[in-house]
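In the two complexes below, chain A is the common chain; its partner is chain B in one and chain C in the other.
Presenting the complex of A and B:
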């Protein structure tokens, strides 16, 4: 034993010998191991982050204006109304193995997705009836019906190399389970079209991407990169160790959203910079409209009056987020409309209670102990009874546990308090995320739920998915069971409307209906909080969703005063 | 009953236990909330397309039919593909299990050796301040909350004094450097192993120490120890040759089973130290409803533990001539 200890002590100096490798290489922390480098199976956040640097999409969003910017495409697509087609010219690019990027690659990608109905990609392509190569670098998409969704979906499709994937697809012929075989295909080093290419993977530990030698430097006037030599993705089990590693200098960027609790400590550290960026998310309180009293509009309106969203954003999000009045965020000015009904905005707690009380009383509700007395005096209500005089049974609000999402868990507790003041017997039930989703989406056995969508598209088509009657079935995204003929008509009209002005009017009407009928109460949209080492690399580009984006990776440069 | 009959009988018991475990495992995993195919469903997919995905994952058939397929595949030693990773489950397990064995098996062996050694001393010097110190220290470290201990060690030795890496198993810069040879890389792994090893050691050695101390105290009251003393044997010989082999018997069982269980790693240790082992993988497999991976990992643990039980029983007979299989 003594010998072993002595040997270890003698070897200690070796541990601290400097390592020169890694000059100009940025080190990024990931919370979990990316599960695959096979793009078809990359359904997890971590694989998507890594693969986004290998497989950029045909178009990107401008970091400032959020308008479409051609990336693999050379210019904006040309629309032919008669043919219901779009013609797209591709950029003169090379794959990481040096072969040219052609229309055949895009054709192959589209046909593969459509043929095998590849999950997570199929909905980007299901508008396309046929795709043909006009010449080596021009592609024509024929659509089933003209739809504005083509631009927000199909143009955000990645492209795979035909040469790499054609033998795999040929091998699927005769297989009883082609999609399974395709998704389980092991990819060690994908042929990339983006600025980086996989160099080495140590499972569970790190992924090293090096610069794609065939990627052009002059593709954009503003961001002529990449200027870094490579990226090392390190896998961490907890935020705590990642933050210590960042503070110690072993990490340059943590590529996930940090809880607000870390901000004070991090803001004191020299060389670190905290970015708080908007993201297109929606966190809401959803009602099960198939159950009483949630199926009563007056009850839902009373709940809406009682919820102080400003308080949630101020206290729980520490003002790192915005209040949501509509399922569309207010910064999405192209689609957000102000013609919506607001409940309790700017009101004091007393005013909120009075408005909720009046709403319920007008609808015929009564109490065992009234929350508002004869002279407008307020006290804790008890025993809310429906218009038939029957006491309302205990209502449960499902929330994910605090270790999964502390803000949602705490928001649930606050809402419980506010509703109890009104005499509504309500309790919060934290539930493991999978179990909660099973209960809400599959079995529809819930009263109320606090749910969130963390990464929505800027296009408002998700309103159709969340509230259209047809989406209310088993595992459908319409979890509340909301059904409205007028909304359904508008939703269908919206997804087929090619006139942006006309479409905006339709979307505004949809938002108005939702704000009046309240199948959900939109609550908040938190910011993405990220931390970087600005003393090591500069040039982070802040945009919707944070600084972890392609623009940053083009623009980053080693800091001069390093 | 001779040894052969005993082994045969125990083997039959192992097979029955294994069958019960694999069946329970199959149904329990499927009873857990959630499903493995939801993440593959696009909002625009029709019910027919959703059914196609379920079919491709083999989840469209009746649960008992799925069970029969599972048994058939097990007989063929085919554990299938992980739903999450899309690779064969053995590829996932084999990449992680070596890391787990390296950390956890080493820590069990070292903590057992140290625990037995110190337990022997504590028993021999019972009711002294050394005994009290060792006992209290063992109780404290054995009952400490592991994530807290792990983070504390990281903060002190990794962050404040910068003696050890904070987490992970490799320093990418070393492993990517073509000039770094095998020794440098091996030392890098040892260096990364120091803190998780220390936390596991602190957590486990106390258990062995207390077990050894109690067993030793019982043994020291035996008549044959009194006889040995009466014969005028040296104290060292009494402890090492007469008391220790007998007192070590319960510790052997404990160490044997701990070694077997060490292959399932520990989700908490592996998470806190970002150690890419099987424990974290198991927890992830269950939370992702990755039935093939969770089944294979649990079955591997079950079979190792069952076999270790048999081996410990056999070992007992060799260590203690009083024990016969009757």
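Presenting the complex of A and C:
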């Protein structure tokens, strides 16, 4: 059914390509229609992309240094150690309806998130015990405990207008399921604080954003925009149709990652420019540690030896990405540590098989047909048996379908082939993404899974979320069921440590434990590959995650020679 | 005298000679033989060098899609795998899926059609209404829904589903033929001699229905191959199997659709040719079974 809808959605833009919104309007392609314009319910990528231009956060990351830059805030927050509080001064801004942006709006946003535990935002605010408005533009956050996470989480919270949402919140009183009602509230034209505001929405076809007339022009010394008059988001069902439209000149930017196969052809097109940017992602093979043989460290180590990550990056990603040895990317030098255990790095296939074989043999595993003979000759192993002599039942690796993520699907198939060489009976099972998440996260009914987190924070606190024992329950982020007292202690210490040097040491220890105990095998971190029409608009700002960021939309100007 | 009306020579030989008189049948058979050879030889490339393994073999010197060369006669895919090896392996899968699914649907359709025609009454009504319901369902769409429900399909579940959706057409024809046969003197004679229903069906009706069932099998093979290819192309195929549909999906999803004709065309052409060959054989068999059609090529 989803396919049919995609075909229908794919055809619709053809009827609207001639829609004219005047000069200076940039045309951006989205793969799917944004699910909602209700910020509370914007859990899908496409809604988040559109809404990020309407609801910027209190702070942004500098595109070059990745340091915090105040945006809705006027300056960096002042920390009071004794009170365990941060005081934040807000910028003198106006909402798109002309009303001033005040501390009351921020207060209202925080209180709403905390009261209704809004899933998408709650973890950004759960450190906050109390918020109070000091004056019209100053807010004081009282924390339960001082934590470095305040800066990486709460300061990256969007703010909604109290005037717009107060009546909605009042309407929730007496409702049996207030959160559900709030999430399902229909929003047609949100009051925005960002540089753009929704002007027109044509379901299934396009969304038109015009410039917010009340947005200040001089908020940043470098980027004094926005210089474009508006943005039109066109919805495409497939990459092929979007690329055809881009080549035809009907599109200026495709806001999603392109497969490598398109690049050679696109690089020859006049006026187009391809950007390859790093992103903070983690793609990994996760084990269900509650099940045998995945609960055996020797088995996991053997799997780690057999997986050729360099092959995946070189062949499947076509070198548009990096190998990951730790859940933290090596480019995140502030937190990445080199004291970790590596498995099979630089080894040939024969060496990998031998090391995996030795690891399993030492742990007491046996085979019906041994993969390595007496004189180190290698052949296809069969019938791996555990130390008790029982044959290991078929193991399933869950992957999303190739349609959703071809690299992950293909990586699953390659891993299956490598493991089968060792006599491990394993099969890959592609599964629709939502069904896979339900099976892995909610029901924990899986053996192995290839998963990916595409947009992680630079702060390494996600290690705690993914591997802390407490997060191993129903729908918890700890999908593997990993439980280690020493890791838990370090994780808690890390989230409360205000000394960056000391915290780095703790984070290094956490990475070391994870690399030794292998609840997951980190695989790769792909680059974001995007294409833009530079002959129409110039000034794209490349940063972590690609060129689709607020900095670009401030900086873009119509090309002079167009 | 046989029901087919052959005298003197054995009925099979007689049918074979008639089949060979049909140029369309011969052409179909030649094309099909080529594909059969491809399927048989699919085991050879990995024996020459592991890099010719259709799924995991990669050329150590090639990491991107390359056009045909002496080393790779049809070029390589996006990660340096040999396209010819994949094409040969795809022939094996096409035969496996096509013939198995068709055989299953023919067996099911023949037995249910025979039961409906022979017993009539409630059995006939029940079976034929079920057949009507399945017949009007859009097969591909239903399989897509099932693929979503069962969270992915293996090659064998695809085969079974195709078989379950493709029996009603056969059963309708078999039922009609059974209705005509069951009142013939040889069946009446068997009944008069006290033969059981099972014996009448298995010994007297079935042998006369088999040629017709096999004729329909050729058309079912075509349908099964096309459905499997469509499923794989749309991303619902078995990722552990190298099929032609899967090859097309890889071309599409990796963005090589418009830049690697050496990769896109071979599986597409193979799907067309193999379905065409089965169709041609089916047409020729139809002429063998129906003397009225035979006149066309004789005259």
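Convention: the second predicted complex is superposed on the first by the 541 of 562 C-alpha atoms of A that agree within 3 Å, B and C clash if a C-alpha of one lies under 4 Å from a C-alpha of the other, contacts with A are read in each partner's own complex, and residues count from 1 in each chain.
Convention: a contact is a pair of C-beta atoms (placed from the backbone, for glycine too) under 8 Å apart; a residue touches a chain by one contact, two chains touch by 3 or more.
Quick caveat, the model's predicted, so the values are computed rather than measured.
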Which superposed partner A:414 touches (first chain B, second chain C, both, neither): second
Partner chain in contact with A:240 - chain B first, chain C second, else both or neither: both
Which of chain B and chain C A:397 touches, first, second, both or neither: neither
Touching partner for A:90 - first (chain B), second (chain C), both, neither: neither
Contacts of A:328 with chain B and chain C, given as first, second, both or neither: neither
First, second, both or neither for A:192, with chain B first and chain C second: neither
Contacts of A:315 with chain B and chain C, given as first, second, both or neither: second
Touching partner for A:532 - first (chain B), second (chain C), both, neither: neither
Touched partner set for A:435, first chain B, second chain C, both or neither: both
Chain A: partner with more touched residues, chain B or chain C: B
On chain A, the residue positions that both chain B and chain C contact, one per complex: 1, 240, 432, 435, 439
Chain A contact footprint on chain C (complex, rising order): 55-56, 58, 63-65, 78-80, 141, 144-145, 148, 151-152, 234-236, 239-240, 249-250, 252-260
Complex interface listing, chain A residues touching chain B: 1, 8, 11, 14-15, 19-22, 25, 27, 32-33, 35-36, 38, 41, 43-44, 117, 119-120, 122-123, 126, 177, 179-180, 183-186, 199-200, 202-206, 208, 232, 234-238, 240-241, 244-245, 247-248, 250, 432, 434-435, 437-439, 441-442, 465, 471, 473-475, 477
Contact set on chain B toward chain A in their complex: 32-35, 38-45, 47, 49-50, 52-53, 55-57, 81, 84-87, 95-96, 99, 113, 151, 154-155, 158-159, 162, 165-177, 179-180, 184, 187-188, 190-191, 270-277, 280, 284, 287, 289
Residue ranges of chain A in contact with chain C within the complex: 1-4, 239-240, 258-265, 311, 314-316, 318-319, 399, 401-404, 406, 409-410, 412-414, 416-418, 427-432, 435-436, 439
